[in-house]
Amino acid sequence: MTRPIRKKVIAVVETAHLRRLIDLIKSCGVSGLTVIDGREGSGVTGDWVRDGVSEAVEMKIVHAVMTAETAERVFDKAAVFFERYPGIIYSHDVEVVRGERF
Amino acid sequence: MIDAIALALANLTSPAVLFFALGIFAGIVRSDLTIPQAIAKGLALYLMLAIGFKGGAAVAEVGLSTDLALAALAGVVLSFSLPLVAFALLRAFTKVDRATAAASAAHYGSISVVTFVAGSEFLTLSGLVWSGHMVAVLAIMETPAILTGLWLAGRASKGPDPEARPELVREVLLNGSVVLLIGAFLIGWASGPAGMARLDLFVNGLFQGLLCLFLLDMGLVAARRLGGARKLGLSGVIFGLVMPLIGAAAALPVAWLIGMSPGDAAALMILSGSASYIAVPAAMRIALPEADPSVYLTLSLAITFPFNLTIGIPLYASVAQAVLGG
Amino acid sequence: MIDAIALALANLTSPAVLFFALGIFAGIVRSDLTIPQAIAKGLALYLMLAIGFKGGAAVAEVGLSTDLALAALAGVVLSFSLPLVAFALLRAFTKVDRATAAASAAHYGSISVVTFVAGSEFLTLSGLVWSGHMVAVLAIMETPAILTGLWLAGRASKGPDPEARPELVREVLLNGSVVLLIGAFLIGWASGPAGMARLDLFVNGLFQGLLCLFLLDMGLVAARRLGGARKLGLSGVIFGLVMPLIGAAAALPVAWLIGMSPGDAAALMILSGSASYIAVPAAMRIALPEADPSVYLTLSLAITFPFNLTIGIPLYASVAQAVLGG
Amino acid sequence: MTRPIRKKVIAVVETAHLRRLIDLIKSCGVSGLTVIDGREGSGVTGDWVRDGVSEAVEMKIVHAVMTAETAERVFDKAAVFFERYPGIIYSHDVEVVRGERF
Amino acid sequence: MTRPIRKKVIAVVETAHLRRLIDLIKSCGVSGLTVIDGREGSGVTGDWVRDGVSEAVEMKIVHAVMTAETAERVFDKAAVFFERYPGIIYSHDVEVVRGERF
Amino acid sequence: MIDAIALALANLTSPAVLFFALGIFAGIVRSDLTIPQAIAKGLALYLMLAIGFKGGAAVAEVGLSTDLALAALAGVVLSFSLPLVAFALLRAFTKVDRATAAASAAHYGSISVVTFVAGSEFLTLSGLVWSGHMVAVLAIMETPAILTGLWLAGRASKGPDPEARPELVREVLLNGSVVLLIGAFLIGWASGPAGMARLDLFVNGLFQGLLCLFLLDMGLVAARRLGGARKLGLSGVIFGLVMPLIGAAAALPVAWLIGMSPGDAAALMILSGSASYIAVPAAMRIALPEADPSVYLTLSLAITFPFNLTIGIPLYASVAQAVLGG
């Protein structure tokens, strides 16, 4: 059976900028999103680990499933966002149930 | 002099400092000892609640005087101005870029709650009386330095991000530690001795033990950051050791000027000599993402904090005692 | 009357209520103050363990009487019947759908542990003696209301999901808070004064302090839910303020009928007037997923809980004292 | 090198219904699954955040890698499940090592 | 708009072996990775749940975005690793922003 | 004899054991009662910090004697040799494979901190005096057994993974519980009575209460593991009940040989009879991934631990008292 195809967008973002990224994604018209806590990681701007003392550099992961057009808008805005802030954003296709929701 | 050395030794063998050393050791040998993040955060909240409440309850007992206003003013002036010194030193003697230097400078104008907590315990145990209202000064000093830091950075090519401003304003005025400190202070004040009677065991009886557990975690965190010292270079490390001395030294004449007691002067020196590791890093990540957090977190957590905890606190106390004491 | 006002004021300036207010404030101004979820859950577990143990230890001291049986019966009757009133009011005066009204109604038949905890502290401090067995009544009242709620909803088009039944039964009979409350109660009873001697500092000495920390978190949570009040509309908000009064009022004649002491009557009024925010929401998510959780959580956490904590508790205590007291 | 292709199925589900969803997925014959905690999110049924006071509306995320046929069965059953309960389910192809395991 | 395609590699691994897996992945030349905590799960070696008493059998999830060639290297090494240790590893294509980073 | 039974009953009705039973009950009936992982880990850290500190402070008071050296030697010998017995029994009477038998055997040579903690509380309450230095023995006994276990496994087809060696060495020498126990012991020793005065409430006043909370969690964890007992088979379960008796019995002559007091002998028997559930499982996951963790965790957590907590501890204490006591 073929099912509707949507884009899943995933971003890793510093907790300090999470609210702004969520606002950015929502402003593109997604129907929902889910955030999870990171535990540790490393990237071009260095290493981090969740330790409760200095939360400033901890990362959160944001997941959102959306239409391809919405994903395009998110990517365009996020490209600017991530020029300045640490973190990454990427996407891939997913098959969904109840496609009208997204 | 002999007294000062005795005090310093007593400090070094206090359980709190020894647990910090244990954390450093465990971190350096890469033991798998870890404190869950939620516990560490819970301990930090406890320390702020307890110190705030104790300060307020003390004020409720002795009443408020103009001393608070003067002390607060002194704190604000120090918090605003110390980053200028720190920035100049960083730019002159180290290779850090302008944004990172500005961000690091802001940390030194602001304060470290746990340094104050450990310091105030030390003062109490050495018989130096400090006023409850110094807790309010602690809270007040947290944020002015952020503004100086941003101003210093703003003169760089890429200033603070204007779109992040609403978040930044909230972080500066309403960050959790300021709200909890001031809130607990006011609650301690409002509920007075009756409130203190009910919370005594919680805010006093447990204080040392939970401080030990928290310092164990601080040691683990500091050890993890020690690696960053290589990046700082020798001049950076020296800055992290000298800047707290400058901060504390700057507080001394100010304290004298406004006629502080030796205990309050020592508390102000501790505040002035300490560097933030909660409020300021959060604000700097928001406003100055280009500044390198590994520089300022290493400076604050792995160099200045251990220095103050072990050497700085007894030193400032002795000097305040010697200069302003009877 | 003057006494009642003095009591109410004393309540409003108690550290516990002030920390709740601080949490509300921090939440409303959107400070980044947060309590880690694990800490909040740990505090809730502590409060249930401590209140259960204290109740049991008290019963061990004074022995058990038929009073417990009568009080339990009273509690069960109130828990079963109050949702009928709540449902009728919600359907008559607000626009919430049947499932949501049924789910919300169930919350008002059940009880809020922390309201009871804060209330029992208030009673103790105001010199009103309550029996340890009221803790058992507390646990017993948690779940009957869930059945009434489901029965009310079952008459809607889409009743409770039959496939979810095993989970629901477990949730109703064996949800964590009931098991811990009853368990700690029995343990307190079994281990008696000897056990209490060993745990005294833990269950009594720390109680106020940890309650303050927990109420700080409740304030943050309540503030986050305040936004939901707009959705409720004025009639919904009024329901959230009037329903606890109805619940408490309903408990008064029942308490009188079974010859309760003023202290126990006040405790029953507090239980009856409080609304669940742990056990019932969990059961309702399982059995009535169509019911809108933002309605019942806003009612329970953001309206009824703050009302009871600040005004309800001293009011119920004064009325119980005035009507049933010497 | 080409590797075996399997389906990864991802579901966001309320903690209250997690056990049932796990049973549902296992009953379709998967060899394993992994659950992670959500931190916060929003969807058509509103916002939630993990706060420890009212856990009833917290979400968990379930990940399971399986064959395409098993995924078909999971989707069929889950479509019914998610008609009534909040949450989403979707899937996409992944390349796996040790394909015989899934 | 077409964007650069990279591989996302995902591994579920016991906490006891996390450090070694991270070293393994980094040694293949990735530019970054993110680790998150698992909550519970089951697989061919049994069930586990994060409970704080016996951490030995808890799992972590490692995510890393990389080029296809790097992913090949990671898979080759990881295949050996996961022969002996519990856990799984798999990958899929993702579209990224700022492709030069990965 | 009557005394022994009275002691055993007192143990069974102590709050700590009853909370463990509550956890088991809640787990078996599949209540949704859970303790957040961070809280459980925080409690474990607290218990290790407190027991370590108390032991060290006791040593600071009475001074160190050759007794510690002898006791440590006894502990090392027991820890090294008991796995040989356990391995032989497991291979002879159960069907577990060689790697799993070796890994399980290692658990029985090592020790369980919380068994010791509960046992030492029991000894203190029953008036049996034990020396602070037994805490050092506790820490020292944690790891030798790991080496015997690896040696036993190494003779299997697939020995310990050589690439995992650096991690294994670190786990053996520097695992968090050893570092914290020894560290807190040394800190307690260094800071002496003055330090103890400051931490008294924390390490003594709260001890019983936090132990109860931790044992509640241990009960939940043990109950979850009970399912694994089916896999063990009857012979496996019997092993889990008999092996602690063998371990404790083996400690008795050793204690007699080195002239231990009855209290210290009882402590050594408790250590020797207990099975690890933190350090050894972690090491075994690293070095022997083929060994089935559900076997050794079930044995240690769901069979041996409950046995020791309820029956073993009072039994060992009575025997030590009867054999070595005045």
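When the chains are written out, they are named A, B, C, D, E and F in that same order, and each has its own residue count from 1.
Note that a contact is a pair of C-beta atoms (placed from the backbone, for glycine too) under 8 Å apart; a residue touches a chain by one contact, two chains touch by 3 or more.
Here the structure is a predicted model, which means the values were calculated and not measured.
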Problem set entry | Chains contacting each of chain B and chain F, listed by label | C
Exercise. To get from chain A to chain D along touching chains, fewest steps?
Worked result: 1
Problem set entry | Chain of greatest Cα-centre distance to chain F | A
For this session: Mind checking chain C against chain F and telling me if their interface is mostly the same residue numbers on each side, over half, or mostly different?
Result: different
Exercise. If you take the mean of the Cα atoms for each chain, which one ends up farthest from chain B?
Worked result: D
Problem set entry | Between chain D and chain E, centroid-to-centroid distance (C-alpha), Å | 19
Problem set entry | Distance between the centres, which are taken as Cα means, of chain F and chain D, whole angstrom | 39
Exercise. Could you say which residues in chain C touch two or more other chains, in rising order?
Worked result: 35-39, 41-42, 201, 205-206, 282
For this session: Hunt down the residues of chain E that sit against at least two other chains at once, touch-wise.
Result: 36-37, 52, 92
Problem set entry | Contacting chain pairs - touch in the sense defined above | A-B, A-D, A-E, B-C, B-F, C-D, C-F, D-E, E-F
Problem set entry | Residues of chain C touching chain F in the complex | 36-39, 41-42, 45-46, 49, 53, 170-171, 174-176, 179-180, 183-184, 186-188, 190-191, 195, 198-199, 201-203, 205-206, 282
Exercise. In the complex of these two chains, what residues of chain C are touching chain B?
Worked result: 13-15, 18-19, 22, 25-26, 29-39, 42, 201, 205-206, 208-210, 212-213, 216
Exercise. Can you list the residues on chain D that touch chain A in the complex?
Worked result: 10, 12, 36-44, 59, 61, 72, 75, 78-79, 82, 88-92
Exercise. How about chain B: which of its residues touch chain A in the complex?
Worked result: 35-41, 44, 161, 163-164, 167, 217-218, 220-221, 224, 277-278, 281-282, 284-286, 289-290, 292-294, 297, 301
For this session: Using the touch rule from the top, collect the residues of chain A that touch chain B in their complex.
Result: 14, 16-17, 19-20, 45-46, 49-57, 84-86
